[in-house]
Amino acid sequence: MSLTTERGQSAQDIFYERVGADHLAPLWRHPEMNMMKEPRPRALPHLWRYETIRDTMMEAGRVVTAAEAERRVLLLVNPGLDAKAPVGSLAGGVQMVMPGEVAPAHRHTPTALRFVLESKGGAFTAVGGERAAMEEGDFIITPSGQWHDHSNEGDAPVLWLDGVDVPMVRFFEAVFADNYPEPLHPLTRDEGDALARYGNGLLPVNWKPAGHHSPLFRYPYARSREALSRLQKAEAPDACTGHKLRYINPATGGDAIPTMAAFLSLLPGGLQTARYRSTESAIYVVAEGRGRSVIGDVTLDWGPRDIFVVPSWTWASHAPQGDAVLFNYSDRAAQQKLGLWREERG
Amino acid sequence: MSLTTERGQSAQDIFYERVGADHLAPLWRHPEMNMMKEPRPRALPHLWRYETIRDTMMEAGRVVTAAEAERRVLLLVNPGLDAKAPVGSLAGGVQMVMPGEVAPAHRHTPTALRFVLESKGGAFTAVGGERAAMEEGDFIITPSGQWHDHSNEGDAPVLWLDGVDVPMVRFFEAVFADNYPEPLHPLTRDEGDALARYGNGLLPVNWKPAGHHSPLFRYPYARSREALSRLQKAEAPDACTGHKLRYINPATGGDAIPTMAAFLSLLPGGLQTARYRSTESAIYVVAEGRGRSVIGDVTLDWGPRDIFVVPSWTWASHAPQGDAVLFNYSDRAAQQKLGLWREERG
Amino acid sequence: MSLTTERGQSAQDIFYERVGADHLAPLWRHPEMNMMKEPRPRALPHLWRYETIRDTMMEAGRVVTAAEAERRVLLLVNPGLDAKAPVGSLAGGVQMVMPGEVAPAHRHTPTALRFVLESKGGAFTAVGGERAAMEEGDFIITPSGQWHDHSNEGDAPVLWLDGVDVPMVRFFEAVFADNYPEPLHPLTRDEGDALARYGNGLLPVNWKPAGHHSPLFRYPYARSREALSRLQKAEAPDACTGHKLRYINPATGGDAIPTMAAFLSLLPGGLQTARYRSTESAIYVVAEGRGRSVIGDVTLDWGPRDIFVVPSWTWASHAPQGDAVLFNYSDRAAQQKLGLWREERG
Amino acid sequence: MSLTTERGQSAQDIFYERVGADHLAPLWRHPEMNMMKEPRPRALPHLWRYETIRDTMMEAGRVVTAAEAERRVLLLVNPGLDAKAPVGSLAGGVQMVMPGEVAPAHRHTPTALRFVLESKGGAFTAVGGERAAMEEGDFIITPSGQWHDHSNEGDAPVLWLDGVDVPMVRFFEAVFADNYPEPLHPLTRDEGDALARYGNGLLPVNWKPAGHHSPLFRYPYARSREALSRLQKAEAPDACTGHKLRYINPATGGDAIPTMAAFLSLLPGGLQTARYRSTESAIYVVAEGRGRSVIGDVTLDWGPRDIFVVPSWTWASHAPQGDAVLFNYSDRAAQQKLGLWREERG
């Protein structure tokens, strides 16, 4: 197989050249198309200290006006990735709205979730004509295709973690987006309407879902935290995951968002979790407490509001100092629907 | 076709006689097997005045001991039916537990639902190791196969409406029942555990359903009523059903009980509902307010805690005096699963 | 508790009299409302010899005209039941259409299934504008609400087993029925359309289901039998049920009919099945072969086309002579949806 | 906002430099993270002539041994993409197995589908212990996690289109793969077992799914084509899509593969389809006939076995010469599960 032409090119060379011109590629020449024995994630375990994020955000507040920024978001950038994202399949960032500012109304097919990091009151997210207060620890979703905006009528900045499925929706080339002509979308229902209507174990008798997402869009921390405390009293923690709750769509029991799973877990003081890994790419934020995690071969110490990443198929274990509460979101919701999700207990 | 034998019997007579002996029956001789153009329910519209029920119950309390009665239940008997039931497919009754009494622990494949009519505090239903307070307006389920008991540690009798799917489960010849060896089943979880765990828009991450029923077993009236009030503020009432909510299983979005649907509806003062009928057989109880219903050709005036029946495929309309709240349960959950449920707006 | 009034009536007597007048009934006086430890079915194990049915049908053909009968159906009557039905929840019968006759078009909310017992060709069932040949062993459904008729263009009578959910639909008081103005409903699609469209592992891309039933309405015996033969070659039979297949709705994987499950099973020669019972009430018909069954304490010998009943929660075991094929239908589809179905292996 | 430091760097420059070092990125500096009004696919409409593919493959057969290639696959490379793939979310290629050759057994979490382009008999795909003949037009799946191999016992090469969800599974970093120690996995069931068992409108009574894919793994062209012909006779074609069938999982009614939808459509001669676009990225192959498509602003003429791409959200219309049959696969199955799929009729 080493016939050489006059011009010094081998028959293989000529062949491979022509093949490329025909927009074909021999599989055996593209080892990158081969499959690996198991995932080798490109994302690295990494932690973002909240203090750093906050200081940077405050400085950004001096350097850039809200109008210039449109939305004051600092994207989390994984050191292992080229993309401006914490993991390959999901985006993440920290967003701030200063007193009196507005993050203007728009809508898009990607869905965003918010976990409120710092709020002194007066901050709101509005979704589809209803606004909800943003209090610390609240989990809030702005579903695919729904008009939403944020505003701050209080005296102090509000900051939250943004999780967005943009990389996934972009991967499928299915992103649509629109800006609303006014800064704020009109309000058509009272605050608390969705929570009262869908969050009490009932549904309106002729209700039809407006999409794949939960009709609840705010999950108040007070209620979520109460659920965790009850679990803690009632049973022993799971050796790998502690007491872990999944945010659901109460009209289906499925994930609150079709693409991103979200969880709140309590790691009781004294627990050193057993090693665990799964194929999901996860972004964690510390809701309460301090502790240390070993993720792959990296050790990370964390405190309130710090953010860290557990990449796909990477062994992780956690040791809280005293009780700790972690929020996390991941691509597990999508992976389970597609039959891809897998976990292993060490 | 009128050949007559010597003995005076026609050939048909002889034939029909022999057929019966062979355990066969000609369809054309059994018009009762023929199908009707539309349902002609045997159950009649009927109202039970709460005062009557309560007086009777109190007298029963003098005439019969709790031990003799095992459970102090007055069954609702529809005047149109032979069975001791308010409608053909479901049973119903009013149960009372006197201070210090216990309705002892048992379990059975039929499921029961409770709507609390009168409670001064101190009354409990325990299901599967967790007990819940019974407060007025609470909706409580004791699901198929789960140990349950009732007790009254207060100073006043507690009374509630019982809805049970016994006729349905008996129709399928699938009734199993057991008594627990002790009056009360041991408690293994704190009060409020299920509501905290399953009623806040989250589910434990590895949770698996224990059956077809909701993992919530108490739906507190305060929360249900709040949901109704919010609906009332947010939108116009449906012309036929007012503001109507369905009790759901938050892990599926389906009915809280697989066989019986349950609803809470608010009829705003001034509304005269349009005529409506469906194939479900429904038992209503007045949670709040007064009003008048026309059901078929019967007019019924109702006040707090009165109970009335709307039979299958019977036109009904309602006129509250001021805002009224009605609870109702029906066989709609089963009918929808079996593809039988149908409704018509007049 | 034995106070006696002047008129000789006890206080209890007076009380119970008044209670009845108020359309109430004390649960403790109605032991029939109490629940049993386990089902005690009223239906008895029973076998109908096909020869008897056929002879009777032929005689009926002489005694009654088709017009008089409208449909020539001999109902199967369980000796343990008052109703003209083989089991409590389902009706069953054998229907015959003579050459040149028509069973005229009608529709009704109850669903019927047919298992063809005897056909020499030329017989048809039409459903919703498409007709299908009725060949021996075919399983055919006439779903809830669909116009259907039967006709016989051949030279010999066609006979089939009818299974109908009339008792169930009547229990829910949800029976609607209509006669079509003409004997036969017009045909709008070619024979075989549904089987080609829905029976080959594909579905039209924008197809929406017309109800809860399978879009397939004929399951040809040749295909079902081939499936059984393959199972027999590929694996060992189940100790209780042999090789057993369930007729499904290929658009959902659920039962072909929402209320009635239907099965075809092959009992290999030499197998003596282990004892088995479940809460379903089942009607069996012998598609091929001979054998003996012990059902409860009754022993039944069966041959081709004989029909027999296995009541709810009754131990049954079967011993075929050589390979035997049994068709059966039951209320299992409904019971599973309602969370009632239970089985036990002996 | 243009303060300049002594070293000539603006405060903004300094800020942005430091932000990057902290692994943060201001959203407002990354317009590529912004969302577009609608998808602008990177993939281009493109057609691969089968003759070119086949000639290239034959030449590859001379230049590279089967052992060197392991699998003789020519990947389809979209001119608009860097990746060796026809569209962004899915891979595609043409695979050939020469007489006497084997594509050795392996398994992987990505799922592959095959559409057989050229076969003179004797070629087989084996999946999980059962092998199936590969005949022209057959649709065959090798599901996630199942051992599979291909072999050719005939006298002529067999060629097929491969569709694989590798880019999607890789996007989620969930690829696992294994090679089997022998070239061929042992056969444990007869040929045709799955089709008989799952493809006839029945399911084994205690069957449990082994994953998210269809238990059918071969959909013979004879059956699929018959379904198309019947549709053509029975109804008018859809103005945009002609007569179009979706390959389903008969145990759920969902797509045969959880990630990739597959379709077979018949465009009747004389039809000029109306413009249509959707968010799916689709790869078409011509099963029968000739025609012309306008995709975006590109016109493509196609004949038997030619392959072409319709990118996301790109208007396409088709004009067959005489009846034509097209097979296509796309990421629609994934998009619908994730709530992303959208279509528009022109």
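A, B, C and D are the chain letters, set down in written order, and residue numbers restart from 1 in every chain.
Definition applied: contacts are C-beta pairs under 8 Å (C-beta built on N, C-alpha and C of every residue); 3 or more make two chains touch, one makes a residue touch a chain.
This one's a predicted model, so the numbers in the text were calculated from it and none came from an experiment.
Q: Return the chain whose centre of C-alpha atoms lies at maximal distance from the corresponding centre of chain A.
A: Result for max centroid distance from chain A is chain C.
Q: Please compute the C-alpha centroid of chain A, do the same for chain D, then give the distance between them in whole Å.
A: 29
Q: Between chain A and chain B, what is the separation of their C-alpha centroids in Å?
A: Computed from C-alpha means, the inter-chain centre distance equals 44 Å.
Q: In whole angstrom, how far does the Cα centroid of chain A sit from the Cα centroid of chain C?
A: 52
Q: Could you check chain C for residues that touch two or more other chains and list them?
A: none
Q: Have a look at which chains touch which and call the overall pattern line, ring, star, complete or other.
A: ring
Q: Once the touch criterion is applied, which pairs of chains come out as touching?
A: A-B, A-D, B-C, C-D
Q: Spell out the residues on chain B that touch chain C in their complex, using ranges where they run on.
A: Touch list, chain B to chain C: 1, 11-12, 15, 18-20, 22-28, 30, 33-39, 41-43, 46, 48, 52-53, 56, 59-60, 63-65, 68-71, 73-79, 84, 88-89, 91, 93, 108-110, 144, 166, 168-169, 171-178, 211-213, 258-259, 279, 281, 311-313, 331, 334-335, 337-342.
Q: Under the stated contact criterion, what part of chain D meets chain C in this complex?
A: 189-190, 192-193, 196-197, 199-206, 214, 216, 219, 223-224, 226-227, 229-231, 233-234, 238, 241, 243-253, 256, 263-264
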